[in-house]
Amino acid sequence: MASGSPVPQEKVGKASPPPRTPPSQAAVLEFFRAISPGLPQIEFCIQCGSCGGSCPAAALLDHTPRRLFALIRAGEMEDVLQSNTPWYCVSCYFCMVRCPQEIHITDLMYGLKTLAYQRGYTKNNKATHLSKVFAGYIERYGRSFELGIAARHYLRHPPSNLVGTAKMGSAMFFKGRLHLRPERINGLTQLQKILERARELETAL
Amino acid sequence: MPEHFEPLILGLTCNWCSYRAADMAGTGRMKYPPNIRLVRLMCSGRLDPTFILKALARGADGVLITGCHPGECHYIEQNYKALRRVSLLKRVLQPMGVEPGRIKLVWASAAEGMRLAKAITEFVEEVRALGPLNWSARTQIPIHAGPVRQLEELPG
Amino acid sequence: MKYLFYPGCSLHGTSSAYLDSLLAIQGKLGLEFTEVEDWNCCGANEYIALHRIPSYALIARNLALAEQQKNGANTLVAACSACYVNLARTAKYMGTDRELNTRVNDALAAGDMHYTPGSVEVRHILDLMCNKLGACKVKKLVERPLAGLRVAPYYGCMVLRPDPDKRWRDPESPTALEELILATGAELIDFPLRTHCCSGHMPQINTETSLDLIHRLVEGAVQSGADLLITTCPLCQLNIDGYQDEMNKLFGTSHKMPILFFTQLLGLAFGLSPKSVGIGKEITSAASALERIGVKAEPEPAAPRRPPRDQSLPMPHMPKPYGDDL
Amino acid sequence: MTSSNSTDGNVRVGVYVCHCGSNIAGVVNVFEVAKWAQENLVEQGVVVAKENKFMCSSLGQKLIEEDIQKENLDRVVVAACSPHLHETTFRGAVSRAGLNPYLCEMASIREQVSWVTSDQTAATEKAKAMVAGAVARVRQHVPLESIRVPINSSTLVVGGGIAGIQASLEIANSGFHVYLLEREPSIGGHMAQFDKTFPTLDCAACILTPRMSEAGMHSNIELLTWSEVENVEGYLGNYTVTVRKKARYVDTSLCTGCGICQQKCPKNVIDDQFEVGLGYRKAIYTPFEQAVPRFPVLDKDNCIFFEKGTCRACEKFCAPGAIKLEDQDEIITLNVGNVILATGYDMFDARRIPRYGYGKLANVFTSLEFERMCNAAGPTNGAIVLRDGRTPAKSVGIIHCVGSRDHKFNAYCSAICCMQSLKFAHLVKERTGADVYNFYIDMRTAAKDYDEFYQKVLEEGTNLIRGKVAEVIDGGLFDEKAGQLIIQVEDTLIGKQRRIPVDMVILAIGLEPKQDAANVAHQFGISRGANGWFTEKHPKLDPVATMTDGIFIAGCAAGPKDIPASVSQGSAAAARVVSYIQQKELSLEPVRAYIDAEQCSGCRICNGLCPFHAISFDELKMVSEVHQALCQGCGTCVAACPAGAVTGSGFTNQQVLAQIEGLLSVPIHADVLQAVAA
Amino acid sequence: MTNNSKPKFAMYWAAACGGCEIAVLNIHEKILDVDAHFDVVFWPVAMDAKYQDVEKMQDGEILLTLFNGSIRNDENERLARLLRQKSQLLVAFGSCAKEGCIPGLANLSTRAEIFETVYSSPSTDNPQRLRPQSEFQAPEGMLSIPVFNPVLRPLDQVVDVDFYIPGCPPESHQIAAVIDAVIAVLEGKAQLPPKGSILGAGTSTVCDECLRTRGVKQLKGFTRIQHMREVDPAICLLEQGLICNGPATLSGCGALCPAAGAPCAGCYGSLPGMLDFGARMVSSLASVLDEYDPRKIDITLDDIADPTGVFYRFSLAGSLLQTGKASWSED
């Protein structure tokens, strides 16, 4: 507990953790500069909780954002990457505009998502699946495709109230708000080339 | 250019703000590269372009001028004079082959040790990217450099 | 004035009403939108969740297209809040983060494209109307004042936050939609939750939470006495509009709070036909609310004089947020 | 043409390198530096170069003094800490040995080398360079004599808050005349508005009003209330201050302060000043009962007579006929030797944080409003009630750090809010027994008996929630908590978001510099820090002096402070002033500019450059001249003179240029730094 | 020339326009005093003389040498060294010798660029793009011309200089005054001024001699004389927005240019002890520019055409940095 970060739930009851010197803060910061554009300012967190207080999804989070930052600085990356927090982030940016230290919280959440995803921490995670389906259509057509996305996503993760959702869907359809087939852009191959190259340039995470 | 080049920077500081910021950086043990050497002036308004030229002529690769934030000058508004002198001097020096990037003006209050340390670190990197100025060598080139074809051996 | 226009996927699909109404009013406002040719999806908040550089490249392709096609029009306008933030953020970060800029342009190069940071200015249509045209200009165009219609503004998140280019005085107390509502002659409802979150893509991830958030908004709108909400964001519209039935079921309520795009409201005020501005495409029908248009609102009761034995303490004086001409 | 020709070649320089324990020696190889100087700077005139554990110690100083005698040195270089710390120390040592103090120069190899450099070799190299620079500079030094000015014995204190009152009393009691100037109708400042004072909880009025009346009656204090400074001229010892005494419409020579005019005045006005908008006053009023002076002022903008030309109620009922409706502003001139600025602070405007609902949600109050509410003499006679004026609060949320410690508003800590909020928590408990929630980021109770008070508040069962409040929402909108306020916050100690319903919210708003602080700073020629507070000459060692001789600061004008701190600053400033006055004549730092009339061409380029109006133009001789006492030594004119006719003693061109040459004479070793990088 | 006891006098013309020589002749009958007191041994413009004659002399045989012109090629350089060796007093005569003058501006360009302009400009017929070669093997034998040095040098960067006489050219009445002074010394009536002194000039700057009325300076902006409808004859030119180097320029000329309504170009250079003329002007002008917003400052400064040329017109080669691109490798 030297780091001041609370002991993650699953560790409760186990023997006290072996003594471990936390990672070099410089290295941690460098790393987050690498995965988040500009200067994310994570080092300035004063643990005030404006983020957790403002978060619309707070009820679902296993760690509030500021706690994630504490864990990161304590070197508890395992807990961070397993955390559901980034995946419940709906990008409302409340935390970011309210943070008294002007930390780029939302940007960091994106960074953490990519990190967790690319390190394979997100098996059967609803949010990841949604993102993957969405991304899939973009890479295949260059545009998103609501009907397809909904179908594929709900196939894997059926909504709590299937009837309601279906009703809404049909209503949408009849009001001409859902297309039956996706739009495809002309420069698709070009786009794919770009994305391919970009993936090569991705920071090794 | 040597494969590893370390820029030599001269820093001109204001006694009331940036010099104290340097003190604060010290007290706070904020590390910054040793490439910079500071001179204390009473105010950035004391900045005489001659100082900058002298530094460049004596082997400095860049000059960092620091003063109080606009509106915070201990002598009310002298830092604006520094601002104007620097911007005019840059224009004069460009045709001589001194990149404007080698001269930088930074505002740092007495409380901004961290800001100053950051500014120094950044500036050292910027100048490193520009490469050596090497003026002291240039002005000492042999007067008689011989026929045209021998000119390649000149430094700079 | 000529502008490049980035509609984004939703305006081509789920919120065609937004597009219809926008195109319907552009002429009156003296705006001329040219759709960026062959634009691609900005990836919403999904693509960036999986890939970093690729997501910026994805977005940057649109910026690059805009740079190519701009001929004269330097401003790229987006209507969807998410698209706007993505475009604006990328443009900003490519300008400030040298590293990112090189990589993204390197990627673009694979498709023989390039984007020069700063070459196009990204703005949201709301920002354009309020901060460039000004609500006063809008007011002049009103032919059918919406007197008696009680309208609550609903911004949602991304049009205001993170506000990468500092377009707004205060992202927590905006006045743009308010000014437009006043301009249309409708009655402005003070809606404290106007900048709160509609739950974004939460319906697909955790329906209960999202319905809870939607419930707060609808409940709040009802409590504040609004006939309808207007918004700037397709997703907000979709969530509040589409999930209202489910929300009612879950909370045992029976609210029917219609939500329209602000452009639709302007269209009506400009005297356009409801159909031409896509009224009717909403799932929670706005019909009943719109019937009020034209009905004279009863005059405001004068503020009562302070009775002698009233002990109540005066409220703090608040400055008037918008100009008197509204 | 070369620069370093001003002094003769054969100066004898002594170099002293300080270990500062391990502070310097731990990183810089001080022995090598000394040795290097000894060997390599001979032609620079270095005759001795020594290192010592602590140069500032009496032994270190002795060492210098002896060498000056033994080696008959005429220049000294001390490579140690920042000159801002020990320049005076070593100048002292040098002059004790009979040398002019200004023939000593310091190289700051602690702040600028050992403390900021990790690599030892690189640090040592840099230290050498700095020594070389200092030696080259000191060669160009010339003896300087300080300038002497007489000190006028009366003092102007600006601001009649507790700090100003304290300062005035101290000076007055030591037998010197004081003008105490206050913008408001009465002295007393913010403290007069407070109810209880932490941590002792004695009532503000009880301890303040005696001081106020003492100041009001003191034979050495001349009160100038309802007055503002118009203009300031002069320099240490001889300031001329122009003051506007605003029209009071009351003849203070006749007024008895009976208060009948206030009773009879028919016009009720919301009191935005003293009651911070929570209460009412009349158009002619004294801000509060114990006001000093007790004479009322007439508020022209709200007076029926000045609106309609009729009424004159006050005039009719005033027995001594003191009402003077034709009164005019009066301009007076004061000659003083010193000025103490105790201009205080403004409160942060809570409306700037809309998410806390102040101004929209009726039951959100600011801390100052709450102070008035608690005050027995306040608008509710001390009852803690909701905005409706009758319902007592059953649960109260107190939000710390409103507008403080937030880079969007004020990045600094306002210092008093934690204790004030705890005080509120206690008062609420004591008077209503309501539930109290304090929302804090960090609890800062660092002063005598402060943490004890914190303990007491804990004991009373206050709910302390560690978290910066996200927003305050009207519960009526949803959650069926009509009329209640919902405070949404992350309880960071359990890592969960909580939504806590309360009836009343108190915003502990932070302290800000006076909105006109910039003008004041400009008028008196002092500077302000990044946050807008006046800058001290030295934050630790000279906290009440400013960079401008003869202008002092006390209390919150220099930054947020609680009452004890403000009072002690008032006394401290007074002490500084009195010591000046008693010296009768003072010597000024000889860092001044002077113009060589021979070289001056009278181009008048320098004339407009001096913010202290020290440069004048002699139309007859057609040359410009510097008024030595006015000059503050910034050197702008020196740098600007196209003819080089202006010399800035202490920072001459030769000195600076020589130092630059010296600093750059030690090349930078790429290989060394490469090693560092690796 | 008969060998008599009179002290020997020499004058040489290196890289310069010749104005200095004219200026000397402009002292009219005073030239006779020179002849009366000196034995003129070497003065290519005025008399026939061979380098060998000078080489044959003893070291220090010449008492006084007035050296005008800067060191542009190796011939200038050889003669500078030679005359230094043979003269007791070597005087850098005129702006070129003192600080490089107009020819010094060539230091802003590389030798290749200069040759390009000189030998391949549209007005030159040079299809094979020939360039001067220092040596050329002709059937008759090896021909050689002086080598064009990459960097132009003022005299004191090549040899030790005793005195300076500024001006482009030096004012004749000042030359006359100097000659009188030297003669006075010869006759034992006066002492030589300290080595390195500037002779034939005032102690202040041109403003000191300028009759225009001046007030406190607050410059709104800058203009050029050709853009002005009229120049006020009575008011300081600087205050009219013209860049006048007068404030920084050593007095002695009598403020000729400002008197004629033209801003001072600065040919007398800066005061003794001032290291860099340009820096003085940059510093003073910027100080009195009445502008606070960085953007506006830039806009105002845009109105200064060729700032380097304006502030270093006469002093570039003698300035602190001495040279620009000239010192770079040419490709």
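Think of it as A, B, C, D and E in the order they're written, each chain with its own count starting at 1.
Note that a contact is a pair of C-beta atoms (placed from the backbone, for glycine too) under 8 Å apart; a residue touches a chain by one contact, two chains touch by 3 or more.
Computed from a predicted model, the values in this text were never measured in an experiment.
Under the touch definition stated at the top, chain B and chain D share these contacting partners: E. Chain centres were defined as the mean of their Cα atoms; on that basis the chain farthest from chain B turns out to be C.
More inter-chain C-beta contacts link the pair A-C than the other of A-C and D-E. Chain C and chain E, compared by their mean Cα positions, are separated by 70 Å.
Note: centroid distance chain D to chain E, computed from Cα atoms, is 55 Å.
Note on chain placement: the centre of chain C and the centre of chain D lie 46 Å apart, centres being C-alpha means.
A separation of 31 Å divides the Cα centre of chain B from that of chain E. Counting partner chains per residue, chain D shows two or more touched chains at residues 355, 609, 636, 639-640, 653, 657. Contact of a single residue of chain A with at least two other chains is seen at positions 59, 94.
Residue positions 274-275, 280, 283, 287 of chain E each touch two or more of the other chains.
Applying the touch definition to all chain combinations yields A-C, A-D, B-D, B-E, C-D, D-E.
Contact residues of chain D toward chain E in the complex are 1, 3, 598-605, 607-609, 617, 622, 636, 639-645, 653, 657. The residues of chain A lying in touch with chain C in their complex are 35, 37-38, 56-57, 59-60, 86-88, 90-94, 96-97, 106, 110-111, 113-114, 117-118, 126-128, 130-132, 134-135, 137-138, 142-146, 150, 153, 157, 159-161, 164-165, 167-168, 171-172, 175-179, 183, 185-187, 190-191, 193-199, 201-203. Of all the residues in chain A, the ones that touch chain D in their complex are 6, 46-55, 58-59, 63-64, 66-67, 94, 98, 100-102. In the complex of the two chains, the chain D residues touching chain A come out as 355, 405-408, 441-442, 466-471, 488-492, 495-497. On chain E, the positions that touch chain D within their shared complex are 156, 196, 203-208, 214-218, 236, 238, 246-248, 251, 270-275, 280-281, 283-284, 287-288.
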